[in-house]
Each structure stands twice: as structure tokens, then as C-alpha cells.
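Naming follows writing order (A, B, C and D), and every chain is counted from residue 1.
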Amino acid sequence: MVNNVCVLGATGMVGQRFIQLLSQIPDFNIVNIAASERSAGKRYEDAVNWHQTTPIPEEVRDMKIVNTDPNEVADDVDFVFASLPAGLAEPVEAAFAEKFIVASNASVNRMKENIPLVIPEVNPEHLEMMELQKDINGWDGCIVTNPNCSTIALTLTLKPLFDKYNFKRVGVTTMQAVSGAGYNGVPSMGILDNVIPYIGSEEEKMQSETLHLLGERDGGVVQKANFPLSASCNRVGVIDGHTESVSIEFEDDDVTVEDIQETLSEFRGLPQEENLSFAPEQPVIVRKEEDRPQPRMDRDAGHGMSVSVGRIRPDVFDNSFKYTLVGHNTIRGAAGASILNAQLISKLYL
Amino acid sequence: MVNNVCVLGATGMVGQRFIQLLSQIPDFNIVNIAASERSAGKRYEDAVNWHQTTPIPEEVRDMKIVNTDPNEVADDVDFVFASLPAGLAEPVEAAFAEKFIVASNASVNRMKENIPLVIPEVNPEHLEMMELQKDINGWDGCIVTNPNCSTIALTLTLKPLFDKYNFKRVGVTTMQAVSGAGYNGVPSMGILDNVIPYIGSEEEKMQSETLHLLGERDGGVVQKANFPLSASCNRVGVIDGHTESVSIEFEDDDVTVEDIQETLSEFRGLPQEENLSFAPEQPVIVRKEEDRPQPRMDRDAGHGMSVSVGRIRPDVFDNSFKYTLVGHNTIRGAAGASILNAQLISKLYL
Amino acid sequence: MVNNVCVLGATGMVGQRFIQLLSQIPDFNIVNIAASERSAGKRYEDAVNWHQTTPIPEEVRDMKIVNTDPNEVADDVDFVFASLPAGLAEPVEAAFAEKFIVASNASVNRMKENIPLVIPEVNPEHLEMMELQKDINGWDGCIVTNPNCSTIALTLTLKPLFDKYNFKRVGVTTMQAVSGAGYNGVPSMGILDNVIPYIGSEEEKMQSETLHLLGERDGGVVQKANFPLSASCNRVGVIDGHTESVSIEFEDDDVTVEDIQETLSEFRGLPQEENLSFAPEQPVIVRKEEDRPQPRMDRDAGHGMSVSVGRIRPDVFDNSFKYTLVGHNTIRGAAGASILNAQLISKLYL
Amino acid sequence: MVNNVCVLGATGMVGQRFIQLLSQIPDFNIVNIAASERSAGKRYEDAVNWHQTTPIPEEVRDMKIVNTDPNEVADDVDFVFASLPAGLAEPVEAAFAEKFIVASNASVNRMKENIPLVIPEVNPEHLEMMELQKDINGWDGCIVTNPNCSTIALTLTLKPLFDKYNFKRVGVTTMQAVSGAGYNGVPSMGILDNVIPYIGSEEEKMQSETLHLLGERDGGVVQKANFPLSASCNRVGVIDGHTESVSIEFEDDDVTVEDIQETLSEFRGLPQEENLSFAPEQPVIVRKEEDRPQPRMDRDAGHGMSVSVGRIRPDVFDNSFKYTLVGHNTIRGAAGASILNAQLISKLYL
């Protein structure tokens, strides 16, 4: 089945990633691209300041950008991929959801009742909320969101452990790539020979979204998972790929390093079972070298859709273990997350 | 009082820092510099591959390098500053300790009975072990060690809190500068656009040295402080200045952010009381901006001898708080640490 | 003699450098600081996003920012240091020049008749235009400009050679630091693991300003030096310090490497003769190591006011030589350039 | 036709690139890998410190490393790809050339009589020397070399212009990636926040190899092209991709920017005519943006085998033009160069 799709915010960093990735997937057909008034009416190539390392896909190069208006988008579009500025996301996504399924990267709708916040390997059953959302709003479409980039990588590694063991507490310290902030987000004077120990709202997002993703759905409401999670977020001079140093204290007293390695390595989710083309073979790859994963080396694992985990070792606290993970923040952590959501919805609900 | 001093390992990275810093302090007079056989007999300028951003000090430029042999060092030397390769440190420092006070950066002797491991603001009373050491070995001199770079910065911030409150547990994740590994330690291909989540033995050193520094001395033996401490160590693309993300859980239930800010800000130690010239006015500087400290901006605070702390905030766990610190790893964390030890010894014991 | 001074654009990158440097020079007394309407009325500390690695100078921290209006500046101000956005510089500098001597970093006035474009060691006699400028405009003050950052470093090395030999042609390829573009000028995504082979208008500025500086003044008009100069400008991932690869073809057939080394090393200008406190002992420092100068190692030479030159060697073309230079772009290349101009004017004309 | 191949120096940086690239090309079949005694006898995965961002190819992972000895290599090997340390290359390549065609990256044999130094698009007819070499030495095989990385990128852009116009002189200033120096070649302390204006022997190699490649073969001897070429070489903090700033002065007075753009864009060589699978569609890609090419963005053009050229513009000298180029130094500039040489030899001579 081929789905017609539209990309909102098509000239931005995540918008460009959407276009780059969608053009490589045969089951998606880009029929409309929308951007701000400043760009509307122009050819894509003329409007965009293209920052990807592969060229603008042929089929989009000459496409005319439309206004960010549902009426300018073809009626037979199945998915609208949205990466909009914080201020615009709420009203614009609602307007598009009247007609279309909106796969959104914005944070504003993530924690709302009836709106699924989904990682396909983690909580696909939250997609059931889509129908509730349509009914309650009287919409033909709906909004489906994916989490923050640093949350996605972390939660993919927590999920299989959370299903098997009981967590007492989790701590994570991140070293995040600059691309997460958008092209102009981090000035070079801020990050060359430096670390910035602060990313606005990031710690709060990680702390709440992770527990929401691991929580239980009751209709349109999610009961958050019941363990404390602490996040400390830092920016480092890396282009792509978030590195996270994780510590888990279990209630269980019989967990071993080998258990964790095996559990993470064998983890598969619905996208793997359904053979979705954009799903990585392994959501989590376990590395055993003493100095991996590293963002430059491992961010592209599974075409940027796998999270790499290494240095799994006992922590000094009781029943505690530490590990390091690396995930690609603009593929698995943003555009690729929405695309995998859409593939799963297409397979199961369309 | 002016002390005559000798620098061992004078051509290495820390050796160069010793020479750079000592030449700026009127109460130290460099009378000998020693290095490996390859360099011995040469003028310092001819032997060294100088990597500091200030020129080689005039008084050392033409000095002839001697062999790493106590008999080649002037008898009236008071302190021998040692920064030797791991394999050499143990026998060489012992040989020099027969005649001189050796201020050592090597890790091999740090945890040994009768050998003080000291940060002057933290545990100056451990220096009492010097006499024991002389007596037991029948030496005229002794060995005094300073901790690992990442440990020093952490412990300076823990000490005033540890004196006032009871710790339940402490976790720290570091983002360390490349200079800590020596000039050739980290290849550029390893760190450009990358993070290396592993530094050999660093986590073990931080975990044991910190508790030793906060422990109680009983003769020549130290009873380690009694709380679990977990360290996760990473290398990032920063020249100088280690950044550490710290979380402390207290036994006390009445600690506040303001308490911590005030306690750290007001912390003074013996070097400050004794007005040592190389002691920073404030061992710990508290910053209140949301995005500080940062290594490029704050490593030189207090001429590289102050640790900067910021983002002091409650953690999600009970009675827990988080903060970020930055300390200069080759000044406060290495050469400057030994020098401050020597200044204190000179003032109190010579 | 102590001069009262005012800084325009005091919250910007170069404005911050002005304040940092001026506060260290006893013969300048900052009495007013001006910035945009958004900042006017605020304490400096509250208005500025301070990006220097030393703290805000005490005497400026609490100073109230005034509007960029000559009437808000004290009458007894001698110099107004201006670092204004391109669009504002022309009218604002003219307004201030009615009352004050404006030492300007902006490019807009550099090539105008009667306005001196000066490097004190290179063409101090162009300052004679100040009187002409006052007379013609009926002003009490005047505008004095300094060149572009990359031009200053280059011209300081060309001047002593140009005085001694005849140039047939000069080529320069620059590798420029990001600080030259202002704090937000170069996004980290543009420069990490990258080179940007383009800096808007930079090549044109270098080509015209250098020949103007080496040219002869005839009243208020400058006859440019008569040799072709080609500049190719690149941005690299360096915080401070421009590196330039230079090739000179001489008309003379008897130039040697030793001549060039000696000529550059012995070069002194009027600031050195007049013992100006901000003048470096040597405007040009010659290095003989095979791999120097380097920006991280040499940018701070002469407190950032000396240009370091190395790798002086014959080129393959007839009577041609190549060398590499490094100069600090925001000290000697911007704020420090204006300050040295002001010191010279103060000494000779006030 | 499928060729059996062997890789010498298989654990080094270029050796790894050989293995990575060869495993993707169906017409090459890796049958032996050789390395130093330290590695011989081990499985490849156990011996190598793999630094590529794609995993070790399956077919090589378990392969046993043999000694660097022609007798340990299968007799039916067609090509031996060699990337050996400078000291070893000369005797080892000669020993292998007795039986095999050695495609070499080492510099030691490049300028020797009867040994072709070849870029397939530039001077494929120099391969005719292979027969002479076999005859003279009485070998069954021979040595074929490819130039230095920075030379290859430059010469690919000079060749089509050199064929059409007459050069008066050429100047080039390089900004080279750290990977060219091998994994441990450039310490991070040397290149973070820095530029190193020196690469040992690089300027000499560029100056002599380029003229050799553009020269005319007379039997086993090459008459170098007859114009002066000056190279200035710098190292910058870039992982892969050399950037070069080029200036050409023509004898002709009618060259235009459009001529150059068209000539470079339309350039095709024998590898393109022969449809070699590893040949890029376009050896030189012309970009018209004002700020391209850039190494991070353009190094992978043509799978790392195309050189990107931009900023083609008139220079200030008579009949002179400038441009910037980017080429991938470890693909087109090293391993890929040898592979393309082998593909051409296989097609034309085997």
C-alpha cells in the first residue's frame, strides 16, 4: 500500500529530514510540501537552505511549496508529517487533524488526553486513542505524536527491561548533539571547546514523556509508570547522535549484566513483527567493546533507527546497573520516529 | 620563605604546567629539572615540545635537564614535583623520598598506608602522615600525593556539604577534557564530532579517592567515608576543563537549594586561612545563570584553582539535589594541586 | 593623561571586548556605555549576555546603559569606541563625530575621503586627515577607522617588507576564526567537522583596505599602493585567531629568507617609539619552528596585539616567498586596534 | 570478470578503507588479508581496531590474517592493494610485484622510472609502463601507484583545464582533514580550536606529483608539465575531506568563468567511458552556491569519488581565476584511487 503524504515545515531541519527519508521509502509518496508564507509559492529548491549531506530528492526539487493550510493539501493525503515551531504547532495541527492523520514532532500535544504519544516498539496500543480522538472532536483525522529525541533513545532501552523487571529508580545524564536545536540553534562560539550544561525544558520532557510511554492506557488517559526518573541534559560539540549515561536501580536482586545484554539484544516490537520497511532489524544493538557506543561511530546503526548500548556494568548501588547509549537524534529521534508511527498506522489501521 | 624545587618529568604535559605555574610564584625557585635519558644533558628549550600557550619561562629556557636521579638534584631542594609515567612512578618517587619531599601526581601511591592523599582545603590533617612515613622508612623526605583531576573538582564541592549534612548516596557523570590524557592521549579522529564514553580506570579512581579524601585518618590509615559513590566517565572534545553532572541524596530532609548555594559559596579551607599565594580566594564559586558553568568560560576562574558550580536544583528523588561543576583539570586537577600541597607544607611544616 | 571614553554597541561581541580591554588600561576611564533601546536604562550586567572568559569588570557591572545618542554622553568624553551594526554605523558615527573622536570598527566609513583608516604601526600619518575632516564638516570631533580583522594582521606583516622591497604581487588565503562573525554569526552545524570557503565581502575588504593602508596620503585622499593583491577567505572551527597563508612575489631579485625574518622581527612603529602602553613590544614575532604559528598557541602573543609569522620559505615562483601568520582577530583585529588608534591620538594630538 | 585480491596493511586506516570499499564491489573478491607479525594468524575482527562507521564486512570478519609475504598469498590473486608504512613499502612492494600487480598508496615508488603514477581519468596511458617494468625486472607482476590525497583532488580539476588552455602558474592552499594522517596521526590537543600550518613533505609531494601526472610519458620516463605550481598545506579540524583554495593564471586571455564551469562539468575520462563500476558519473561536480563546496557536505559526492568545485571566479591577476575544491581524502584520495586503477587495469589489460 502506498500512502500519499504531506510535509509541514518542509524547509526546516526536521522537515528536510522528513523529505530525505520519505523519498527513500517506496510506500510513501510526497504529494504536498508546506512551509511558511515566506516560502509558499516557490519551488522547493529555491526556498530551502538545504543542509543534508545527500542532494535534494529529485521528486521534490521542483515541487511548489503550498501554504500551511489544510485546504491547499490534496484530499487523498493519508499522513501529514508535521515539524512546526512551538507557537504554531497547536492550532495548525488541530486544523489539519480535521481531515488528516497528523504525525507530529511538536511537544505541545504530547501529554494531552486522547492524543497518543507513541514509539512503535514501546507502546503501540496507545494508538487506540486515535478513534477516541476522532469521535470526541468530530474529526476525520487525528494527531499522533512522537516523543522528544533524547526520550526515544532512552525509552527504547528501558522498555524491554521494564517489562521483565521492576524499576526502583532511573537516572540519566545526556550529552546531546547540536542538530537537535535546529540549524541556528547552537552558535559555534557556544560549543567549540565547550560543553553547555543546559537545554531548555529537556530534562522535564525526558522525565515526563518516558514515564508516559511506559505507562498504562485507560481509554484516552495514561497512568504514568511509577518510578522516579532523573534527567540531566548537556549539549556537546557533536553534529548528530545523542549519548546518554544511564543508571537503573532494580527492585529485583537477581539481575545480571548478561540478563540485561540478552534482554536488550533480543528485544523486538510490533514494527519488527509486522516487517515494516523502516523498522530496524534490532531496535537495540548491544556492543561489548569497552569504549562503545560513540556517536560518530554508532549513530547510523540500523540506518539511524537502532539505538546502540554498551558498557553494561554493575553500579555501586544495590541491584543497580549502568550503561551508555547512543541514538540518532534527527532520524530515530525525530523524523524517523514519525515515519515509523505512520508505517505502523498504515499497516494496522488504514 | 623561598623553597628550592625540582620538577621530574619536566618535558611532559603536567611537567610543563609545573614549570609554567612555578615560574609565576615568587616563593618557589626552580633549581633542577629532570627528564628521561633521551632529554638529559640538553637545554630545556631544545628537549621540550612545549605545548603551553605562554612561552617557556626565561629562567628555565636554558636550564640543563638532569637525569631522573636524586643524586643529580641539589641537596637544598625542598620539594620535588613529580609527574611520571605509571610504570616509573613507584620506584622513582621512593628513591627521591629518601632525601626530598615528593609532591606526586601519580596514582600508584595514592591509596597506600602512611602516604597522604591530600587536597589542602579538604583534608590537610592527612599531612600528619608525613612524619610516620619518614619514621617507618627511615627517610629524610616523604611522598605526598594529590588525587586524580576529576576527583579533585568533585571533592572540593562535596566537602563543605559533607561536613554539614549526611550523604545517602552520590552519583556523578563526567565530560572530561582531552588534556587529561596527555598530549598524544586522544587522537583527533577519536574526539572530533564524537564522545568517548570510557576513560581507563577513571571511574574506579573517582569512586575510591573521593571517599578516601572525605575519610578519617587513624595514624597512617584512612577510614573511607561511608556512602556509595558512582562515577561514569566520558571524554568530550574540550581542550581543558572537566565538566561533571552531580546528584546527591541526603539523609537529611531539610536541605534547600539556598543552603547548598550558601554552603558552597562560603566554603574556605586552610589555604585560604593561611593566605597561601596560590590558593584561590574561593575554592568553590557558585553561579546562578541557567547555563553555567561551562568549561571554556569557567575553567580559568581563580586562575584555574577555583571550581565553578551551577544549576543547583532539586532532583526528583527524595532529599536529592543536582548540580553541574567545572574545574580546570591540569591546573587545580594536576600541577596546581601539587603546588598548593607544597605551599601548605612549607607554611606549616618547614 | 587619562581619557574619558564611551563605548557604543557595548553589549555586542566587540563591545564586550572594548570593555574588557579598556578596563585593564589605566589611561582610559569608561564613563558611558551605550546600546540599543532594548538595553538602555538597564544595568550593564542585566542587559549583557557576557561571553568573555574574564568576569565583567567591576566598574562597569552596575553602570547604567544610555541610549545611542550623543546628548546622553558626558561632554568631557575624549573617545567614543564604536562597534555598531552595518546599517546603523554611518549615521550614528556621524552624529557622535560632531562632538567626539569616534574610533570605529565599522566598514562603511573606511574608504571615504578625509576619514583616516589607520593601523598605528603602518600609516599613522593618515591621522592628519582628522583636522581636514573637522574643518570640512564643521565638527568638533571626527571619525577614525581601523581595518577589517584579517587585513590588520596581513598588513602588519607586509608593511616592513613593502618599505624595503618592491612588491610584484601578493596572494593570501585565510582560515578565519568564528568569533569574527559575532556570537551568533556561525552556527555550530556549519563549522563542526567542516570548513566554510566563503565570508561575505571579506575578500573585497582585504583587497582594498590593505592597498589603502600601504598607500600615500595626499590631503584627504589616499593613493592606493600599486600592486595586485588576491585574497581567498575561509572560515574554520577556531574560536579566536585568524591564520593566513601568504605568498609575496618581489620585483627585487635579492631577497632572502633571512632578510624577511630580520625585517619582520626588527619592525617597530610609532606606538613602540612612543611607548604606548597598549602597544606590543614587537608588532610582528617571527617563529622558526616548522609548524608554527598556530591560532590556539599564538593568538595571545603580545597580549593579543602581536602578529606571529612562521614558515618563511622560498616559493616556487621567481623572487617569491611564502609564510603563515596568525593574529588575534578580536583584539589586534578589532577592539584592540581602535584602542591603539586612540592611544596614539591621545599622545600626539590631545 | 571477478578479480581475486589481497590487502596488505589490512588493519591500518587505509587498509580498513580498502576492505570496506572492496566488499561493496562485486567484481573484487578478497581472498587474503595481510598485516604485521603482531596480527598474523589472528581473525581479522580480533586483530583490527576498526574505525569505520560501517561494520566489518561479513566476509572478512573471520578471515585469518597472513604474514606480509608473497608466498602466503594465493597464486590466483590478481591485485594486491598495498597501504604500508613508509619504511616497509619499497622492499615489500617489490617482493609482491614479482608475482602480482601491486596497487600502491605509498609515496616511495611514485616518481620512479617505469612505475606508473596514475589517476585513471587523468593519465591512463601511463599504465603502458607496466609492461616495461615487468620486462626490465623480470617480474610477473608490477607496481602501479596512485598519488597523494591532496594531489588527486587538485589534479582532477586541473586536467580538463590543462588540456584546453595553457597554464602560466598555479597556486593552491589546502585545509586538510585529520584522517589523512592515520588514526593516531593528529592528537586532539593539536587540532581542537586550532589550525596546524604544516604537513611533512606534503607541499613537495603536491608540487612534484601534480606536474608528473600532467606530464608526457616517453617510455618509462615522464616529462613533467612545464608550469610552476606552489602548494601551502594546512591541517584543520575536519574528519574527512580536503578543502583546497586554488588560483590559476592562464597564458590565454580569453578564458571565462563559464568556460571553466563547463569544462569541469563536462569532463569525463576513460573510467567513465569504460563504465567502470567504481567510477563516479562525474569526476568533477561544479557547484554554484556562494559557500560551497564544504567538506562535511560534499565529501561523499559520487560515493566519495567525485571532487566538488565551487566559487569559480576571476582573480585579481591578469587572466587568472580562483576556485575552491573538496575531495574525499581516504576514498578518492587513497583506497578508492587504487581500486579505480585496478578496475581500469582489469578492463584493459587482464
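Criterion: a contact is a pair of C-beta atoms (placed from the backbone, for glycine too) under 8 Å apart; a residue touches a chain by one contact, two chains touch by 3 or more.
Computed from a predicted structure; not experimentally measured.
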Original post:
Under the touch criterion given at the top, what is the topological distance in steps from chain B to chain C?
Top reply: 1
**OP:** Identify the chain pair with more contacting C-beta pairs: B-D or A-D.
**Re:** B-D
**OP:** Would you mind pulling out the distance in Å between where the CA atoms of chain A average out and where those of chain D do?
**Re:** 40
**OP:** Indicate the whole-number Å distance between the mean C-alpha point of chain B and the mean C-alpha point of chain D.
**Re:** 47
**OP:** Please set out, as single numbers or ranges, the residues of chain A touching at least two other chains.
**Re:** 51, 192-193, 237-239, 296-297
Subject >> Complex contacts: residues of chain B adjacent to chain A >> reply: 169, 171, 173, 175, 192-198, 207, 228-230, 232, 234, 236-239, 243, 245, 247, 290-297, 310-311, 315-317, 320, 322, 324
Original post:
Which of the residues in chain D come into contact with chain A in the complex?
Top reply: 51, 53-54, 192-193, 239, 296-297, 300
**OP:** Give every residue of chain A touching chain C within the complex, in rising order.
**Re:** 51, 178-179, 183-193, 237-239
